[in-house]
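Listed after this line are the structures, all set down as structure tokens.
Consider the two complexes below, in which chain A is the common component and chain B and chain C are the respective partners.
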Partner chain A sequence: MRPESSQTLLSVENLNVSAGSEELVHGISFDIRRGERVGLIGESGSGKSLTCLSIIGLLGGGLSAEGRIRLAGAAPAQAPLDGEPQALDLLTANENELSGIRGNRLSMVFQEPMTALNPLMKVGDQLAEVIRIHRPQASDLRAEVIQLLTSVQIPEPGPTSRVYPHQLSGGQRQRVMLAMAMANGPELLLADEPTTALDVTVQKRVLELMSQQVNNAGSSLLFVTHDLGVVSEVCDRVIIMRHGRIVESGSIDRVFTDPEDPYTRALIAASGLETHPHTGRLLTLESAPEAVQTRPQAAGAHPTGARSPAAEPPQAEHLTLSADESGTVFNRVSEPAIRVRDLTRRYGKQRLFGAGRTVTALRGVSFDVARGQRFGIVGESGCGKSTLLRLLAALDQPTSGEIEVTGASVVGRPERKLRWLRETVQLVFQDPMGSLDPRMSVTDIIAEPIHRASRQERQGRVQQLLEQVGLPRSAAGKYPHEFSGGQRQRIAIARALATKPEVLIADEAVSALDVSVRAQVLNLLDDLVEEYQLTLVFVSHDLNVVRHSCDVVAVMNAGRIVECGPADQVMESPRHPYTAELVAAIPRVREGAR
Partner chain B sequence: MLLNVLRRVGVFAVTVFVASLVVFFLLGVLPGDPARAQLGLQASEEQVQALREQLGVDRPLPVRYLEWIMGFFTGDMGVSYATRSPVAPQVLDALQVTLLLVLGGIGVAILIALPLGILAAVRHQRPDGTIFSGLSQLGISIPNFLAGLLLIAIFSVALGWLPSGGWQPPIAGVDFLRHIALPALALGLVNGAILARYTRAAVLEVMREDFMRTARAKGLKPASALVRHGLRNALVPVLTVTSIEFANLIIGAVVIETVFVVPGLGSTLIRAVANRDLIMIQSIVMCVVVLVLLVNLLVDLLRPVIDPRLRMPS
Partner chain C sequence: MTTLPPRLPLTSGAPGSVRRPPRRRGGTPLVVAGGTLVAGVVLMALVSLVWTPQDPTATDAVNRLAAPSAQHWLGTDGLGRDIASMVLAGSRVPLLVGLGTVAVGFTIGLPIGIVAAMTDRGAGMWLMRGNDILQAFPALLLAIVLAAVFGPSTLTAVIALGLGLAPGVARVVRSGTLQVLSREYSLAARAAGRGPVYLAVRHVLPNIRGILIVQASVGFAIAILAEAALSFLGLGTPPPTASWGRMLQDGQSVLQIAPLTVLWPGAAVAVAVLGFNLLGDGLRDRFDPRMEVTR
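And now, the complex of A and B:
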């Protein structure tokens, strides 16, 4: 067992965080004991990150914190020789006291490993710096750096200490951040969404490593996240926040098995992609509380329950990549909506000087998508799924291979001969803010692709589309920044449907959304796919979402499809080792919760 | 790495070559016969023709180009149409003066820009930060010849501390410094103000970076975080702007040299234009072009030294 004691390390009392006159966190209080691992869970805007930053005193400009955050006196081993260890209020401490504590007694790992390290400084130097700041007398810095890198399982720690951050992968950088945070054996490690930017398999390893490090150092952990599954892997106790207040807290087993607050219940249901026992639709914040009374179905048990059997396409064949790694045509059907054969895309070309560097993003991919089918593509970053989408939408040209959409080739055609494709195929992107022009009104955004229509027809169509995606008519005159993330994604979907497309490509369309909003948008997509008889190509890194939303799933790795078949079969009995690894890496809400 | 350097140097050489073509042929097709310009309207056609042969301007353009460009890079820039004396010594003397002036100007600009820009960024939401920003805004809006005249009015006429014009070579020591002070200041003030705005923007941007927050989370105080992690990151864009400013400074020097009666490239160029001394103009313009390209090359080579992300994997 971990050395957990009843001694309180950190005590947050009545913490308020405000931006100017607007209060964002409303008087929250909680304690963290020595050696305890606490998960702080909430959706965007819940105030979880602000709480975390208040503790370490790094709130951004314009934000101010009030209340008390008491950090207990240093542990006996580290206490100064003279006198009793003194508790310190972190909110009133001066900069000198705080900088003595940061990186030493309190340390932090941030969300974005790509930008959290100084790009101009060698990794080893950045690690050495944190040691030198707090232990100027430390003798053999170099050995200590190597040892730190070894402890976070960086292969070849020696050479790695001499490279710059951009030469490392995302997972490696987050390990370096972890090593940096653990360098001085902190009493409390703060982690703000530390694995959200990582692939699932990498996330799993980083989480294990973090648990192990915190264990060895006897540190407490405050783990901030929106992901209930991730929390289950590392924490003992959870605090659920919403709109700047704590709605529930308790031991993780209790909260996840027997949540008291309706919001917690709904959050758990939405995270697990639970469906309504009668309608088969995903539970949302609104529908969850009543539905949870009667035991809900877990995700995937009846993923297509709501749909009529007539709409069911023929069962797909479950195939894995053949031994010679080529030639397999996945999901073969007659008269497919999308037909892809031997698709290859290489980036970069042979240069005159020096060795030409080419990257092969796709290596001979072949598959079909039947009309009306919901085809999921899953894979980690760099597997080629984005390249594949760009090619399907003819936004890029393949190096070799063939793509047919509704029976016509899209390869090698000039843009003026692709007008039909622009109407037939539409895309919904991941970032609902970045993909909408901030200077165009919602009407203009949605109506832009509608040609040959009078002003009145266009407006009528916009109104109809807004209604279909569940937005009020008044939305038409507003601008994107006036909407929340979920609403913006609805606008993006309305825009995609404006041309009445036959194929809808959703590229990580719900990945940037909160779980409760995610359920709503997925339900909406479900409805629209049926209403418009769409062929859906749904790309995601999240296997659970794909399992819920798709009939057939293709798993991609290193530019190839390694396995493809009915979504449930692939998830439950993966045949390819990579799929198995992927499925095993999905963080799960603790078994006790079921 | 070495390959990268070679590639940049290659691009530099090609650019210089193309620039020399442009300079030569553009000036070559300009109307105005240098021989006629020398002898005046009264001279007979035979006299003019004789001078044309003597100057060599009767030969075809490509031949003259080759002769000129070979000479240019071997230190023989030909003979002035106006004075019949070799061009090279005059141009090189003037070049030396202008270089000193421009370097002084850059020095002044950097001395102004870095502290002002950094302070304006660090204190950007406070009154003093706004004052620093306002100062640089004011500096941008003053043309440099006006700054020169103001400086003369204050330091030469009213206070009588410094000479209002003229030039002394560096060997003259203190006298050299007294003569270069005002023109360099006039040149550097305006460009310093522009550079200060870029510095402010670069530092502000760096202060918002995640790694600056990491630096604070490690236990660095705000000032040390800025010095150890911020400034070097801000230096990359500032350096790029400085190299662009360099071309500006040379142009500015032409005006400033006239204001302060400094015998640099600017005044030599103006005299050459007045005399239709085509070969002199060509050589001066080419010198300026090579100088600007050389500075850009240096900065291009320097940037990867500062930012490892710009280094090509070898």
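And now, the complex of A and C:
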């Protein structure tokens, strides 16, 4: 840790944020010293983003902030230690004063780099604009822009400065955002979930870059996130928020090794996917506090999903993609529940004279999934995992290749010959809002897959399912918007189980959930897989989740499976370079914390 | 103001975390103003069914072009008919035409739009190209042709205007349907073994009802205006049934001496069209997701 600096840069005192009569942030206070890197952690609805937006004066309409946010007077070198001559209250400052500060002394990096950049302006022009606004006398903007882009490791900064944001990848856009934020050497950089929309390998690079930039400029950093692992990579001190209050704050090593508040303890347990020492179930907000206290210190650094050994399928072979990049059949078993051979899916049409553009999403994928197995598929965005799922559920047809589910082919069959499949295979999607029709009642949603049943039978089954997924019976008559994200995902799971399927396909089913809710939903999935004797195909970008929930994991990259084997083996001794990169990129809660 | 996870504004049991964009209720000024005007016109039509100050078809050779009086509130026209009664009774035809036009337009346009969105590329594309051809045909010209062939009547006007409305409806419905079909709940319904009819009825229609309401109210306004134009040209409802458009035509010949004879029916058309347009705009603000920029 760097030496204690007595110079406070920003001090938030008794900040309240309210929407109308409803108070969302309840009188929080904290300081940020010069050069300090503070992580503001909380789950959705904790008020962390509102706090961040209050500081930079960008609260949306209908929201009002009270209290004091004091920004110390300019230039650390000149400011005398005793008095801070021109301290400014950011909440009472007028728009002119704020404009002079934003992008100059304070700057911000947003979550979604596509929407935060102007799509109609070239990247270089946007950077030049930021410099020109605050330093009108700056000469040779072009050179400065190139230098900024170089500093954020954009390859070929010259040509890149002349392209539009949509021509860049997500990671590159976020780097451009970072360059913009750092253009005028801000004293405080605010970052609101800056890497959440990025793949892990890209996230790692962007985080490293951000740390380095902040260090070089001597800036302070306020890093808002829900991800404890990400925070431990960049911050010195953390503030944990919940329901608009600060529950705990302190140096990151102290908070993560010896959390005082039960919520912090539970949060750390849930984000590390820690399991209960006796039951082997994931710790949730309710079960974590006492379990963590009784946890023996030497409990393994990583949990391994506890499973009833009875139904353990034979150990899968650990294979990587063969050198000629074809022909490898992963996880080969006899009498598989799902059998996929040489599956290829190409989008777009090859026109006459080769003018058409095609994108190949899957290139000759072959694997088996044994009955009762939990098969995980891991990969970053664009690797073809969603395409694969749609093909497995026969919601799309492959360009070539073969898929058999419980022994019968699903390729090239018309819909009316797939009735059996609709009862055998069910899906749970990522977005718990988008996967439930907002205009349908919960009963109608859950009963959707049940054909040819009387009203009574449907209602009886819905009640039974609601109970199984842990929702009250009264939920039946409500509509999706009346539920939280975790509850909505439970409804989606109930719908998927309505026909008592044999195969359940979960597409990023817990990715949109808060960590504490994630543990509950994963526990539920575990229970139901056991109860219904399901074969589970679980797709995620999150290696840790897959490791917990699955027996076998397949790693996908660029439309191929590059490695497949028992989940623990693949995670601990990855053989394919891509897997190794993926494993290394996972943000971890600081080692000292464990 | 999103916190993470991106598409998930709520956590379980977090009081104070429930934040939704301020919901616009039914009472926006546009909707109130439009609704009041429309209600006024509908009230006129209903009243005229049971009572008018005078018989709107009775001519009175002595009292031609009379000034407003106790007996003739708004005076009389060139044939001595009571203008107040005619304006009242004349509201029925435009409303009927509006209703009929929207019914015909939706009966044709709605299935085309949904089927075009749901069928795979080839068939859907041909359906929309056919729709484009229909759209390229001016509705008024079609009305004139139909009137020339079958004789002018309310029915021919309704059919022609309905055919004119249908392509627009089909286009809007198709885009709305495509949006609904791209949502995961539609995928889930397919995975649940539900066919296209179920999808259309249970998922698509309820979720595009907002744009349907907007289309209907705008179609109404267009139909009323077009009916007035057709009647003015003598291609709409034939005499002696009162209609605002024909009142305008009748008054045209005496415009120099009795300008009031065209003022009242003209004002009535303006009020009705304004009412439906305001209502349509107001409802669009409420329902159309593309306009939701306030978040």
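Keep this in mind: the second predicted complex is superposed on the first by the 566 of 594 C-alpha atoms of A that agree within 3 Å, B and C clash if a C-alpha of one lies under 4 Å from a C-alpha of the other, contacts with A are read in each partner's own complex, and residues count from 1 in each chain.
Throughout what follows, contacts are C-beta pairs under 8 Å (C-beta built on N, C-alpha and C of every residue); 3 or more make two chains touch, one makes a residue touch a chain.
Computed from a predicted model, the values in this text were never measured in an experiment.
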Which superposed partner A:115 touches (first chain B, second chain C, both, neither): first
Partner chain(s) touched by A:517 [first = chain B, second = chain C, both, neither]: second
Which superposed partner A:239 touches (first chain B, second chain C, both, neither): neither
Chain B versus chain C, judged by how many residues of chain A each one touches: C
Which superposed partner A:100 touches (first chain B, second chain C, both, neither): first
Partner chain in contact with A:56 - chain B first, chain C second, else both or neither: first
Contacts of A:225 with chain B and chain C, given as first, second, both or neither: second
Partner chain in contact with A:43 - chain B first, chain C second, else both or neither: second
Overlap of chain C and chain B interfaces on chain A (superposed complexes): 61, 112
Partner chain B, residues of chain A touching it in the complex: 56, 58, 61, 95-96, 99-104, 107-108, 110, 112, 115-121, 129-130, 133-134, 164, 166, 177, 180-181, 353-354, 357
Contact footprint of chain A on chain C as seen in their complex: 1-19, 22, 183-185, 187-195, 202-203, 206-207, 294
Touch list for chain B against partner chain A, complex: 3, 7, 125, 209-211, 213-222, 228-229, 232-233, 306-309, 313-314
Residue numbers on chain A that touch chain C, as the complex places them: 19, 22-24, 42-46, 48-50, 53, 59-63, 111-112, 193, 196-197, 225-226, 243-244, 390, 393, 395, 415, 418-419, 422-423, 425-427, 429-440, 444-445, 448-449, 451, 483-487, 492, 495, 498-499, 511-514, 517
